[in-house]
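Input: structures, listed below.
Both of the next two complexes hold subunit A, though its partner changes from subunit B to subunit C.
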Partner chain A sequence: MAETLITKPSPLPATTPPHVARRRRRKGGLVNLLYMPALLLFAVFTVYPLINGVGLSFTNWDGYSPEKAMVGLANYTRLFSDDTFRMVLTNTVVYGLGSTLFQQVFGLGLAMALDRPLRGRNAARAVIYLPVLVSPVIMGTMYYLLFGYNNGAFNDVVTALGMDRVAWLSNSTAAIAIIVAVNTLQFVGISMIIYLAGLQSIPSEYYEASMLDGARGWKQFTNITLPLLQPAFATSIVLNLIGGLKLFDVIKVMTGGGPGYSTNSVSTLIGVVYFDNQSAGYASAMGVVLFLMIVLFTLVLNSLLNRHRLEA
Partner chain B sequence: MHLSTNRLFNAMVGVVLLLAALIQLVPFYVAVTTAFKPIDDRSSQLVPPSALFFGNFLTALNQGNILRAVGNSVLITVISTVLVCLLGAMAAYPLARRLTSLNKTVSLVIVGLIMVPPLSILVPLYTMMNQLHAINSYWGEIAVMVTGHLPLAIFLYTAFMRSLPLSIEEAATVDGANTLQILFRIIFPVLKPVTATVIILSGVSIWNEFSLSGYLLAKPSVQTIAPAIGSFFSQQSSNLGAAAAASLIAVVPVLVAYLFLQKYFIKGMVAGAEK
Partner chain C sequence: MKSGFTLLAAGVVISLSLAGCGASGDAAGSSGDGSIEVQTGLAVDSKLLSTLKEVTNSFQQANPTVKINLVPNSTTYEKDMKVRLASGNVPDIWWTHGWSRDRYSKFLLPLQNEAWATNFNPALSDAMKDSTGAFYAMPIDTDIAGIIYNKDVLDKAGVSVGTIKTWGDFETAAAAVKAHGVTPITVSGKANGPAGNLTDWISPGAYTKDELAQLKNGTFVGDKYKTVLDLVAKWRDQGYFNPDYASAATTDMDQALAQGQAAFIFSQNNRINNALQYNPKANLGFMPIPSLTSGPSYLVGGEMNAYGISKTSAHTEDAKKYLAYLAEPANESKLAQSAGSAPGLTNATANMGAVQASYDQWMTQAKTTLVPYFDRVYLPNGMWNTMVTTTDSIITKQSSVDAALGQVESDFKSLYGQGK
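Presenting the complex of A and B:
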């Protein structure tokens, strides 16, 4: 057991008899038992469902009856002729890309503001970051108090100005924009903190040297700040994109996916199709598409951002 | 001249930051004014209440099952977070110290698991939990929460352990310590900073979890706080005061923790994000 702990791979001397070498290697492997509980959990609660989900996506199962029949690719062909699903897929991409874009713009802007020696900046940072820690369900509930039709705070302002009440959340385009805005405001703190850490890791000598060369303001920003923030961009963008594509809580609370199906994301639609429409096979196919979509977006983005980093 | 334009610019930046902070506080402000007004008070929610009214909090506590839900959330969050730390640190040790090709593959697969969206496996997971009689059970929810939060924890622990010097472990080996002794007596005590990060990331996320918990724990007696707020809100859409009061009750524990441990929260989140 003891030599398992010396982990530098020490090649056994040529004189070691084969059976001793084999025993040592086996003993060395014993330490791997330490990750077995974790692997067991992954196997039972993630990998098995993932594989089983692919299997179910080829069936017409309703979710509770003991019978189900194989239907081949029918669920997948149905997905791509289903207008509701196409709309929901578009919504999901809008939620993902929309929140990612705004979180980068505002997150970087706020980080650059906080990077200046201002009084009270720690308090500002703490307050802007605060919503990150609050459940999106609660943020959604609180924002509903602002956007509600009959007693929402914004409509109070609107009627006080002598205009008609606005149906903020029952217009699907407006509702989608509001959901993106709420998600952006809630999690902009994450991007802000990542960019702030990135900005603080840029040595001030770079700026001083470029000042001597006559570079200022915008030029310094594009030539020094942006290229050196590349790792922070990669981290923040991937994190926000995965979060946006998985969006669930805020939608459920603020619109419930409505009006109709018009503000659902793939995540929220899966629950509806499974429990309300009792189409478990079809919901499984949506799950597979959602998983593949996130893998694809992450891989493409990672390779784009990393290639960029090498060039920089 | 240059100095004064600089000062003007700083003042403008300060105003922008103040505005951003105020925008973030608006929903909290409106939740407070709404929660302290009786239902027949038709004044705007932007106007503070004329007198403090506590009826909404009583409604939330009595009808919304909020206290029970807070209790359930405390239980599930504490047990799951402890298990995430323990199993995560254990799993990370061989992955940090025994760099065989098998273990490198295991590490890669674990990082890949971070990408699986919870809702993408809703149908097969719910079906399996149903067969295991784990729906509406604490252990089922805890198992799913631990599994969901372990990949990031293992990743953070592995990175931290690789940065520790080998020499202490080697010395302990020479003194005849076995792996478990080394793990519990030498490694675990120095993991405090990374454990703080893991506790904050997992604890906040499990406390706030809504999507899976809402399906796995549907019965009111076992419901956790986020789904309880969600269902209370949808039942009470005409009584926004009670919904706001319930939200405030649920947010207080997180706010108090944040107030006292702010430094660790922000540092921990950065560490979690940058990996």
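Presenting the complex of A and C:
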């Protein structure tokens, strides 16, 4: 077998002329300078608080005193035996997974419906997307006024029908379901837009070719639409999951975390423990756990969705 | 060399930014114009704030070189203060809302050597003085609270407050009120406080002196706290609380009391003035709190509207002069009267308006014992929220009494340990 000599083309000449190298360095320096403000803001408002928060989680700081002492892993071991934290962690997972699930189902359904050439579809898209632009505090307040016991619109209907008023938000299971529904309703527009973009990027030739092979409706959906929407799934699911796990405003406005601690998420509980219980160290440990939980969920989801995408 | 320019530029930007972030200076909290910042802790439309403004104006006329900047309350006052203390951006003078000793004393100047201190109301000593006799705020008023009632509602139900000596008597009264179709006790579950008042009011009467001393020394006496929670659970089961508890705001409490839709409220007396805004003809008063043991009925109270001076203020002398002016008998009387409370200094007098008759009956004539707020003296700092949420979880049946008690015990131990 004759030996073949293959030489890889060099990306750069062995020696770059000095003026070219100088120009490249200057250009590189300018690019670095342009992203510096963003990097600085990220460092000051994200990286520094994160590092500081991790440091605080090993202390017994009350959140305002000048002095604090190191307590090692005591705050983390306390988390394992804290029933309230366990309950709130479960709530957080319910908020995260529940909102994500419903937003995908309804978001995809709406995207498919509004991807068709219907009259008024642009108006419908705008109406469904509008709640995304509303502050969650306003959204929560609007729904608090609907579900309120005394002056709530739903109870007005209930009493008009001759029934007793219902304390919708006094039952923690009902309150959690209502919060998930409100969050879903507010952010389903994001999923819809992502899926619409995904649907419009699928070439129509695939559907035409499949029709020649006799595929219709469900078969086309499972064999063409779903596999080719994998990138859109990855984006939408990860965004919604992170938002759901960090849920704060709607809970604060609608139930304040009550009754008791029963509708808190980890985010709202952190505020309560930090400021009201004056256990900033313990609250920081909760924050670290929430951060790790979000990272873990995101990594696992990304890995699963990427694997599906490769298989597809 | 490659990124030397970039690094230098980044270094300059970061240094300038951090220098800006950390510029707190020596005159912490003082306004940029050199005035004395007073965090009043008072609502913009409150009567006390308008009187404080009036008194402050006359102070400034007498002392034209001193500028006072009165800052009204925010809805997140306590949180804001904690953030400001943590960041070193401390106001010159601030409202201590019952916490001048236990939360703020390390940031405040001791004031027991001021000229007006000789008139310090001894009823406030337990709540405001430390073991050395030092105190850290000038008290505008002396907070005295019991169980607020609507006399017209009780009359219709055939109840006389004078006959309520025990919790058994109270329950008989509540049952009579309920039989007349009126809510016996109205509480706001939405606000972070009224539920906690229930346990805070009942608890002092559940413990002996020795047991209170144990609590103070960090030993949680759980069986007695359980009797308090049991009482709340019993009232819940008997339907004594308002059905809209979970969504009711404090304004709903005021309205219900004023309009004869509720008989009792466990709260400070400012609720009476608030309720009268809804119905000025409402016949309201307050009564002592029965004991859970065989002890006498009592009232709870202590520090409410009081102002302390920051140790790090650049204007400590002017700030002391200002507090001394507020402490002058005529000014102190005006301020206490606006607050609707007894004065915090003994050389002042105040007409407490709608509260006066009850005050005369129970404090002046009956000499009812005044005990300090339970959570402030016998529980570690930070327990108030636990009291609120655990009582709330019992009223709403989210927790059993044992589960709520376990939460209180767990938080007591960890917060006591944290404060050590």
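Keep this in mind: the second predicted complex is superposed on the first by the 281 of 312 C-alpha atoms of A that agree within 3 Å, B and C clash if a C-alpha of one lies under 4 Å from a C-alpha of the other, contacts with A are read in each partner's own complex, and residues count from 1 in each chain.
We take it that a contact is a pair of C-beta atoms (placed from the backbone, for glycine too) under 8 Å apart; a residue touches a chain by one contact, two chains touch by 3 or more.
Small disclaimer: the values here were computed from a predicted structure and weren't measured.
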In the overlay, answer first, second, both or neither for which of subunit B and subunit C A:Gly148 touches. both
Touched partner set for A:Tyr195, first subunit B, second subunit C, both or neither: neither
Pick one for A:Phe42: touches subunit B only (first), subunit C only (second), both, or neither. first
Let me test your reading of the model: by the given contact rule, A:Phe187 touches which partner, first (subunit B), second (subunit C), both or neither? neither
Looking at the overlay, does A:Gly63 come into contact with subunit B only (first), subunit C only (second), both, or neither? both
Who does A:Gly256 touch here: subunit B (first), subunit C (second), both, or neither? both
In the superposition, subunit B vs subunit C on subunit A residues touched: B
When the two structures are overlaid on chain A, which partner does A:Phe85 contact: first (subunit B), second (subunit C), both, or neither? neither
Taking the superposition as given, does A:Asn32 touch the first partner, subunit B, the second, subunit C, both, or neither? both
Is A:Tyr95 touching the first partner subunit B, the second partner subunit C, both, or neither of them? neither
Footprint intersection on subunit A (subunit B / subunit C) at 28, 32, 37, 39, 44, 63, 148, 152, 256, 275
Using the touch definition from the top, list the residues of subunit A that touch subunit B in their complex. 1-9, 28, 30-32, 34-35, 37-39, 41-42, 44-46, 48-50, 52-53, 56, 63, 106, 110, 113-114, 116, 118-121, 123-139, 141-146, 148, 151-153, 156-157, 160, 185, 190, 193-194, 197, 235-236, 239, 242, 245-246, 248-249, 252-253, 256, 266-268, 270-271, 274-275, 280, 283-284, 287-288, 290-291, 294-295, 298
Listed in rising order, the residues of subunit A that touch subunit C in the complex are 25, 28-29, 32-33, 36-37, 39-40, 43-44, 60, 62-66, 78, 82-84, 148-150, 152, 165, 167, 169-170, 172, 256, 258-262, 272, 275-279, 281-282
Contact residues on subunit B for subunit A in the complex? 10, 13-14, 16-18, 20-21, 23-28, 30-31, 34, 42, 44-46, 87-88, 90-95, 97-99, 102-103, 106, 110, 113, 115-128, 143-144, 146-147, 150-151, 154, 166, 169-170, 172-173, 176, 178-179, 182-183, 204, 207-208, 210-211, 215, 225-227, 229-230, 233-234, 240, 243-244, 247, 250-251, 254-255, 258, 262, 265-266, 269-270, 273-274
Counting only contacts in the complex, subunit C reaches subunit A at residues 2-3, 5-6, 9-10, 13-14, 17, 21, 78-79, 81-83, 85-86, 106, 189-190, 192, 243-248, 252, 381-386, 389-390, 392-393, 395-396, 398-399, 403, 406-407, 410-411, 414-415, 417-419
